[in-house]
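Accompanying notes for the structure given below.
In order of appearance the chains are A, B, C and D, and numbering begins at 1 in each one.
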Amino acid sequence: MIIVLKPDTQKPQKEKLIDWLKDMGLGVHISDGAYQTVLGLIGDTSEVDMDLIASLDIVDSVKRVSEQFKCCNRKFHPDDTVVEVGGVKIGGGNFCMIAGPCSVESEEQIIGIAKAVKAAGANLLRGGAFKPRTSPYDFQGLHATGIELLKAARAETGLPIVTEIMSATDLDLFADVDVLQIGARNMQNFDLLREVGKTNKPILLKRGLAATLKELLMSAEYIMAGGNEKVILCERGIRTYSDYLRNTLDLSAVPMLHELTHLPVIVDPSHATGISRMVPPMAVAAAACGADGLIIEVHNDPLHALCDGAQSLRPEEYARLAAKIGAVREAVK
Amino acid sequence: MIIVLKPDTQKPQKEKLIDWLKDMGLGVHISDGAYQTVLGLIGDTSEVDMDLIASLDIVDSVKRVSEQFKCCNRKFHPDDTVVEVGGVKIGGGNFCMIAGPCSVESEEQIIGIAKAVKAAGANLLRGGAFKPRTSPYDFQGLHATGIELLKAARAETGLPIVTEIMSATDLDLFADVDVLQIGARNMQNFDLLREVGKTNKPILLKRGLAATLKELLMSAEYIMAGGNEKVILCERGIRTYSDYLRNTLDLSAVPMLHELTHLPVIVDPSHATGISRMVPPMAVAAAACGADGLIIEVHNDPLHALCDGAQSLRPEEYARLAAKIGAVREAVK
Amino acid sequence: MIIVLKPDTQKPQKEKLIDWLKDMGLGVHISDGAYQTVLGLIGDTSEVDMDLIASLDIVDSVKRVSEQFKCCNRKFHPDDTVVEVGGVKIGGGNFCMIAGPCSVESEEQIIGIAKAVKAAGANLLRGGAFKPRTSPYDFQGLHATGIELLKAARAETGLPIVTEIMSATDLDLFADVDVLQIGARNMQNFDLLREVGKTNKPILLKRGLAATLKELLMSAEYIMAGGNEKVILCERGIRTYSDYLRNTLDLSAVPMLHELTHLPVIVDPSHATGISRMVPPMAVAAAACGADGLIIEVHNDPLHALCDGAQSLRPEEYARLAAKIGAVREAVK
Amino acid sequence: MIIVLKPDTQKPQKEKLIDWLKDMGLGVHISDGAYQTVLGLIGDTSEVDMDLIASLDIVDSVKRVSEQFKCCNRKFHPDDTVVEVGGVKIGGGNFCMIAGPCSVESEEQIIGIAKAVKAAGANLLRGGAFKPRTSPYDFQGLHATGIELLKAARAETGLPIVTEIMSATDLDLFADVDVLQIGARNMQNFDLLREVGKTNKPILLKRGLAATLKELLMSAEYIMAGGNEKVILCERGIRTYSDYLRNTLDLSAVPMLHELTHLPVIVDPSHATGISRMVPPMAVAAAACGADGLIIEVHNDPLHALCDGAQSLRPEEYARLAAKIGAVREAVK
């Protein structure tokens, strides 16, 4: 950590600060420049409160030199993490295709879609049983029944299943689910992160609506600090002033995250855009810039879907898209 | 709900859509204009999926006419809600002054501050026992012990206590707390909202970092739909591109929320700005534009605070501020 | 335009508004629903002040049905516009590769880079002669000399030249420039837009830092309303809360703009990311989602560039990228 | 400027960078810490390209210690600047009340409003003669005629006049205007800033829609570097994701700017909110947090105003507001 003092700092104030820092067990390297004094802190600064120091009258600015995220930091773990789910590998050059409906609605629906997306090239099945809805009056999902139906679809097709968990109290219900999804609204539900960090299940962690990359990585860190290293990050659009689409898909997060962390990074173009005809161009763009996979909503009957139909592809559209994605991945190799 | 069709819509497509809407039990008022057809839906449109309809090829745009929030809507409840907490009234022309440290650290600390803020004009005591921290390696609060210390401070001073709950599984620990705070990061933790909605405790609901006013009101609606009408809204700064302060305090949310809802609206200038010397000007501005109260961090020794010290006022600064706020409230009457 | 009145609107107020609208020469189609009255305005509503109407006590909401942009609207001009510059076609399935240094520095530099980017696959040369700099103390460009050097590079290589104009008073200096660039900061410098709209030169119009797609199209409209239809739109990153890269590249703007307008849409990954190693992944992603071209900074000696070197590729990196882009375009055909 | 090198930097690379910095005439203070090397640059670093250095492989981060703005920096000019306009003082404890219509429409209109706002407490008159409009088809103002009408209103009432200039080529027309306004969309029209910097007229500089405070100050610096020190800054709302009001009024910019600069800071609650009933609460809040004045739209007949009527107060509303503002200013003294 580096502390830059204001030009007119008096000696007694400066010494008081240095003593206080030393009391915390830190080494302090003092560099008196022509215009200002710079203090370099040596030792474990992870418990030093940057904001507190920045607020002091004599301090011009403070800068943390080392990142607070450790487990997910590529610096300390240069090789890509590969998460394995029921024989499917995610990360490290493997591309995952997660597809399925927004909500699980019925056995017929979920099995029908599961077969269709498998035929079209998907290797994991998604479907919502617990739905986070802005309004308490909207459909909230089939809950336990929905999970049973997902398992039935898995039994039929062999596709591992991915579904969202909204509360740690539901963990038992998810015992036989392959990948637990943490939704964007729960990215900083730290209690939930800590609890799923105690399981050994792969966690699909979605970026919050207004989360920085550092915050996303710190949330991954919450899970990994508990011992669970199987974290898959997901960019799903951020909230900006731009009003034509539901969110702004931040694709540059993909190469940036690959630089910062060894964890796999996938993209959700369905929730990012909210409009099905925008999904294929953004999906191929995600593949082009190095994403490790895609999670895409597919529905066999968008007009009657209970929610989010507007962003779902039909199976035949998904099949065409899957072919294009393969070609793009080949092109950028 | 109003659906505007595209100018070149063919008759069979239009009739198919109208039939589908009627199948959902809705009345459809058709208005054929010179350039476009407008469908006005009559009946309960709360289950109609706006996004799905907007995604149809023949649809130009969709607009919901009635808001989805009911319980907290001023249209259906014109009078201000007044929340009572241990003799203190919040809302309806009453101004609450919530003050205290970021974290509860020790009995001496919390009782000392409680006495100081009471003397300075506060009528509720805040203090964090469960702390939401971006990093799993940062101090997470004293938990149960922290709540006991808050109760001790209440016993000493008579000030009702406000503290944050992060998980519904902790509800028992909060049985004797006066006001439950839902933090910004949990504003859309719908399971938590639902659970506190089953209690009869006043809930201080903070606006999410990137929440619209409608989303804030829908989260209040989650609590109220459970039967708990004692919700206090709190503006605490939103996330924008602006980088000089931690957040951008959106004070215009205060008069806007007062127009939309009958719930009390308070302001947190400490978290919004993150710098103690910015707290007084923003606090008086909040009082000037009609806030029903303020929640402000006060610490007796900022330099040694475990967290967030940078944004805490000293008791004597708080006392001076409290006097100014009284004068401003008088001036805008 | 559609006006939704509030449920409790009294008849005299409603009639007063209808009379006022009719006085403006509009037809008013009145639709009395069960809950509210909806007025559909027929005729030329382009001069109607939406905000004024929205502010009236009896009005719940107002919605404009027809877009205000005409010349650039795909509805009225379904075929792609193809802009021709010195034999190079932009739009309509043709892909342009604009490359060159941030600033023109010397004859040797610009001719050297021009040759290098031409060999690597570029078909237009960019270079700044007038530089918009946040600080008045930063290098502002070589001005007239810079333009002469660009022309020399064109003479040597045959590449048409693209350079930024910052003021209409400089138009004479740009008489022999092939494409005039309007920078992001001048996207709503309406006087400049109007003046370049009177020329017959192709205009490369960059999206403003916080411009909506509608505002970008309205700025194109300013140019086209003057008779100049040769407008090329450019997505170059928008300003958001996200702080890892200089801007957030909004690639979904590419397919969205293609839907809204017939004008070509290119992407600038250099300014969007500000970091050269992020340019290749975002460039291939742009090509994958349908961009009509790329404008990329290339420098032969980034370490000594006067400005923005951090975002420039070296010629050999550009050549590798150009090959990848060709492959990706083939893959998504 | 401080440069932090990556932990694994090799000696030859480090020395190459240090030599390069020394070649630029800078002193380099090297501080080898336990984990990293920190370089402190001594001398004039204003021409050093931070982004270029940050992009180097061996560099972890770069931090500028001294601000680039000089003329407007409070550090070098601790006393408040007081701008005088026709006997009215702005800044340094003096509060200015600028009021008038969005657009000048007719002699009767502007003289009528001028008299009304003067009676209500305004001491400067505003009115648009050149209007920046998003659409080329919207009313663009009366131009030269509008300025003549403003002068007539000044002759009648004695109020100095404030009006927006959009292009340096119009400067002659503004020769007898008292305060030149630079609109938000032109905040980074650097040519225009430079030209008004050569005049000796007070400049009212509005913050851009997505401008940081530093960018606003750098734009003031463009004007002041030309010799014109009479700059008045204006906060008028920024663009965020929040969608209930036109913009988000960033009132915390007021105390923050007062800390950074000696220039007066006023607030425009009319454009910030876009709704007349939100103007009074935000105006008193601005006064409470220390603004040096307010610029407010007042119209005698909002329903027939050509533009922006929705945000205008009626004269009697303005008079009531003026009284409240006086009381609030007294309260926060």
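FYI, a contact is a pair of C-beta atoms (placed from the backbone, for glycine too) under 8 Å apart; a residue touches a chain by one contact, two chains touch by 3 or more.
If you're wondering where the values come from, they're calculated on a predicted model, not measured in any experiment.
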Measuring between Cα centroids, which chain is at the maximum distance from subunit D? A
Would you say B-C or A-C is joined by more C-beta pairs in contact? A-C
Once you find the CA centre of subunit B and the CA centre of subunit C, what distance in Å lies between them? 38
Counting in whole Å, what is the centre-to-centre distance of subunit A and subunit B, each centre being its mean C-alpha position? 26
With centres defined as the mean C-alpha position, give me the subunit A-subunit C separation in Å. 31
Note the residues in subunit C that touch 2 or more other chains, in rising order. 210, 239-241, 243
Per the contact definition, I'd like the list of subunit C residues that touch subunit D in the complex. 20, 46-47, 49, 51-56, 68-69, 132-139, 166-169, 185-186, 188-192, 194, 209-210, 215, 218, 221-222, 225, 239, 274-276, 302-303, 305-311
Complex contacts: residues of subunit A adjacent to subunit D: 2, 4, 27, 29, 31, 33-36, 38, 40, 42, 60-61, 63, 65-66, 210, 239-241, 243
Where on subunit A is subunit C touching in the complex? 210, 212-214, 238, 240-245, 248-256, 259, 272-273, 277-278, 281-282, 284-290, 324, 327-328, 330-332
